[in-house]
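One chain, chain A, appears in both complexes that follow, with chain B as partner in the first and chain C in the second.
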Partner chain A sequence: MCDQTFLAITFGPCDNCSQNKPLMNIYLKNEPINYCSLCVELMACQGLAKGETIHTLKAESETLKTKLEEERAKLHDVELHQVAEKIEALGQFVMKTRRTLKGHGNKVLCVDWCRDKRRIVSSSQDGKVIVWDAYTTNKEHAVTMPCTWVMACAYAPSGCAVACGGLDNKCSVYPLSLDKNENLAAKKKSVAMHTNYLSSCSFTNSDMQILTSSGDGTCALWDVESGQLLQSFHGHSADVLSLNLAPSETGNTFVSGGCDKKANVWDMRSGQNVQSFETHESDINSVKYYPSGDAFATGSDDATCRLYDLRADREVAIYSKESIIFGASSVDFSLSGRLLFAGYNDYTINVWDVLKGTRVAILFGHENRVSTVRVSPDGTAFCSGSWDNTFDLRNILYGFALYWHQGLYIGVLHHPVMSVP
Partner chain B sequence: MTIRSDRDHGQRCRPRMSCLKKVEATVVQMQDPSTGVKGTNQKLNITTIPHAITGQDIVAWITKNMNMDNDEAQAFSTMLVAFGYIYPLQDHKKLVLRPDGSLYRFQVNKWKAEDTDYAIYLAKRNIRKKGVLDAYEQEEYNKLHKWMNHKWDFIVMQAKEQYHAGKARQKADRVVFDCQERAYWIVHRPPPQTHSAMDYGLDRHIDPNVEEKKTYDYYKRIVIYMCFMGFCSKSLFLACSLVKYMMTFKNHDPFLVPCLPRNPWQTDHDSYWELNTPDVEVPTKMRVERWSFSFYELLSDPRGRADFKVFLKKEFSGENLAFWEAAEELKWGTAASMSEKAEHIFKTFLAPGAPRWINIDGRTMGLTVKGLEHPHRYVFDAAQTHIFMLMKKDTFYRYLKSPVYKEIQKKAISPAPQFFCICIEAQLQQNMRNRRPSVSPIITWQKEQEEKAKAAAAAGPIDIKKLMASKLDRK
Partner chain C sequence: MARDMSDKEILKMELDQLKLEVNTPRTAVSTTAPEIIAFVEGKSAEDPLIKGVPEDKNPFKEKGGCIIT
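On to the complex of A and B.
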């Protein structure tokens, strides 16, 4: 596997405020300086220095941008789908709905899998958060939030708690209990506080920290036990709609996508915006890392999904079709990263071949827009939640032999086959 | 017939509805007299409706002109109906497109979806025949009457005028007009409990179409942040690495290659999960193979990590992994216990003469010691990275060649692919009943914590002095 790139972090006294904090290593007029993230923000807002005008600053930023583009262009010699030409094409896929989980009275907004591969937490517009055992379709826990539009929900890595939030501007953690009659709201912990709606939340590698993104344009890392803000991430100029943690061994970065059409990669330790990608033409609704952690995909309201490579520092693939007009609300990769599942606002789910850039399947069945698509942790199925109050679990339907024998048909597990009666 | 472009009702600024412009362009094409969908006069009940089009014609036109296949064309035309560009003449409440002989017409937008207009519409229907309103419409009417009371005379007057104007029309025109108006309001004031396409969710806080005020700090930020250029490599190399990852994991992806013995979702049998629990005694061959893909895969699988620990124990170099795990726990742990954890790690692994001393270079040690003056969660980052790279580049490869790994490879089972019979409904029902619930993750977690505590107690640093003292005592 290719080496993960390690970002060295320095920690020490900030050159400006002398407090001991994680430092951002940046260059100002080719001089390296070590400032903490707060001081960098302050510096940016300080006002024009001597000899600077808006025009000089604008000119400087333009030259830097063109320089960056030139450097990138030098290293760009081949497209992803060209390299993928030699790979054999995928057969036709037939996906079947295996479970339909009905129980929400209103739009399903967000869904997350538990690490045990069969439990799911889902949240909806009416404030209900339900924990299901998707395999048996039993509801295991239910919480009613005091607010509506619970847009974010996440299952803790240990499986012992869920986090959710939405229009209440907060992220609350509910420890789950084995006692069915216990009122989970009693033990609720309010962790995050934002100044606008919570759009997405995610636990880090443990139950103790939560990463949140909000409509106020910031992301933040919180300590669950104390509710303390550990790090905040500023850089988006509009609502941040989605975030995803990198699946790498270091686990130190995450990517966020927002209404300012930008997808930013952040270092969790220093709060630094490490990379930024701005090629979409509209709001980015969803971001998801490629399983190796070297790339990520985004789904946007401009009806395209795009793949960005972190080491190439550019967009490497775009998944779109003339006939797809409605925005993509949610994306997720299959286990190997070959398939990209994307849910759209025209009630369909498109499955893309990541390497070749072609669509391998289109799935129907929902009666309103698909709000969230999530592949299970072991890749055996994926779950799609929709504004028609249900969410379906689907997986592949394998080569059912095309013969009928006395009214029975025998399924044989081979590679995907062309069609099914 | 033309479509007015202020259909997006002021949501023109909202990018998420900008897709409607493309849809409108398509609908205009569809209405073209020569190349569009052919409309005919159709009989509905007793009236003849002009320019009626059938569902199958619509789907056929879309399939041909928009280069889609049948299912997709059907889905797209349903969107046209859901957004009100086309409305059904029969069964007007269900906004789906039926690809058969059902009749549809293009909508002509003469109304604005404002409450006043809706009130006028409801009042007009009330005038025509009392009690014709549906329950939800009656409710809306009462609500509007209440808070538009001050305008009510105006509304009733407008309603009466429109009603009389309608009466003056010819029967066919009247039916058409009524159908249109009714369809319009089904879309813009949907009945409760239905799914409406006009719903776009919450307003976004910041309007992204408003040009960001490019003041000095906007440019300053670009100048500051643009300076790190990152690590660029040639595209070919990077593209190949993505492809390589995919090919390596191809056989492990249940969507590409069936998982053995059987996919639990397909067959309602969870043997696949039973064979792959985190603490299973004998892992499957696929799982063992996956450990060899990268050090990260080995560590992230608890069974793999356990096997790696067995190997390390044989090599007497377990302290590297123990240090790495402890540093991870510090990084992701609670803020409250942080400084004492840091102290403990230092005493156990880094202090001179520590019981589980790890070997790191002088520079890293210096950085770490300096950082410990003000302990924070990333204080062991440099040391952790060093140790991780050491394990990854050296220990991991020795593990893969070691007898421990070879033994587990031999022991690993390869479950045979199971054929399954999906016969009749009864069998399916039985399978459904046989779905086994699993142990709650809470219980699993509690057990894990207990085991960890036991292991920690057992692996604690042996106090030589005490041991000697106890030996002397016995003598």
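On to the complex of A and C.
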């Protein structure tokens, strides 16, 4: 049995026509509006007259997309690998595994080098964040986060702090102290707050600002000291999985890639999306700027990596082979940009000649899916992190998305799927 | 946030973005490709992963044992 509620009718001047009439209390975009019934009818009709239905928007979108492709195609007069034909091919590629850093009890999700070229911070599924000395393989610091699936970690430019986050929807900064007995967790500072998991984070050129990307479809720039949101970047229509800052000489931009198959280039100051590329056929897992800052590479679940030229505003190379059918989870360039290292879900790392578009080597050695690949700042080595195949991270995330859209809100940390070890 | 937006709002956002992008200044690939190549060639000489690192300067080399005579 439900009680009958009576709508109280207010009487007064209409916001639109200013006549004294009975007003209808309606809300438009959470703002209360007091219009008389006649004005409400007129407003509804106007909306229809503008014809802004989903269909018309879609049609307009399609025509613009075609026009964009035509404009881009006009400048596509030559292929990168054609111009690169006269370059010498690379010699036999030999890489040795020099160190294996064991210590994570579970899947390694993210890795970052310190600018001193020797320290590495890594984060894993069980919530541990460890700082290693790569020369000696010693663990220098270890922190246990209060959440699992720490998908993002980053070293501060000064080397004095690390940032990490994941399913807790936050990015936290831990200052690293030289005192081994000090409890790092006590000094933790929560900087970023998103409404969904944190997929990637990166310090800008100083320790003072952090850029984050999240499963809620946005990227954001935060001030570390105050935790204040400085700028937010809207434009992706699905989870953002990866971001990368432009090399400092080329200015204040960054690129992000997400589950909407798009790679977007943003201006950090204005929050504007300046360029957008949608040629991948599946989620973009990783984006990385070319060392010169004029291009960037992406790795995607469609088993290809692609190179996009920012000045020509188009994709200029695809790195793929019929034999490669597993998604690329992570990409990074060598110091000169001649080599592209890509980690795949089939446990291998493929090394591509960026200019010629050919594969120069396959690196084996992981018994697990390769989750992250990072070249050291001086280019002398690269490290790769991986995880067991008992669990497909993608499936879990899709599971969350499904439940979200179906309206069943299940708190992220308590989701039944996550209890599987 | 993308998840909280209705389909119509997402489409509108994409449409505005496309309108901006159609007018972006672009350069021909025939200009930009050689520049990328020149950049790479210039830096390849110092790229340790391409030209290799001499064993004595390699910080990751396994340290040998000592022999006490």
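Here are a few things to note about the model shown:
The rule is short, and it goes like this: the second predicted complex is superposed on the first by the 324 of 421 C-alpha atoms of A that agree within 3 Å, B and C clash if a C-alpha of one lies under 4 Å from a C-alpha of the other, contacts with A are read in each partner's own complex, and residues count from 1 in each chain.
In this text, a residue touches a chain if its C-beta (ideal position, glycine included) is under 8 Å from a C-beta of that chain, and two chains touch if they have at least 3 such contacts.
This is a predicted model, so every value here is computed, not measured.
By the touch criterion defined above, A:A303 lies against chain B but remains apart from chain C after alignment on the C-alpha atoms of chain A. When the two structures are aligned on the shared chain, A:V224 is found in touch with chain B, with no touch to chain C. Considering which of chain B and chain C touches more of chain A, the answer is B. Of the two partner chains, neither chain B nor chain C is touched by A:A246. After overlaying the two complexes on the shared chain, residue contacts for A:R311 are found with chain B and with chain C alike.
By the touch criterion stated above, A:V331 is placed in contact with neither chain B nor chain C. In the superposed model, A:I210 makes contact with neither chain B nor chain C. Residues 52, 54, 57-58, 60-61, 64-65, 68, 71-72, 75-80, 83-84, 87, 90, 98-99, 118, 135, 196, 216-217, 235, 237-239, 273-276, 290-292, 294-295, 309, 311-313, 316, 334-339, 354-355, 378-381 of chain A touch chain B in one complex and chain C in the other.
Those residues of chain B that touch chain A in the shared complex are 15-16, 18-19, 22-23, 66-68, 71-72, 75-76, 78-79, 195, 197, 199, 202, 204-206, 208, 212, 214-217, 219-236, 238-250, 252-259, 262-266, 270, 272-273, 276, 293-296, 299, 328-329, 331-336, 370-371, 374, 376-379, 381-382, 385, 388, 392, 417-424, 435-438, 440-445.
Listing the residues of chain C that touch chain A in their complex gives 1-5, 7-8, 10-15, 17-22, 24, 26-37, 39-44, 46-50, 53, 58-62. By the touch criterion given at the top, residues 52, 54, 57-58, 60-61, 64-65, 67-68, 71-72, 75-80, 83-84, 87, 90, 95, 98-99, 118, 134-135, 195-196, 216-218, 234-239, 272-276, 290-292, 294-295, 309, 311-314, 316, 334-339, 354-355, 375, 378-382, 404 of chain A touch chain C in their complex.
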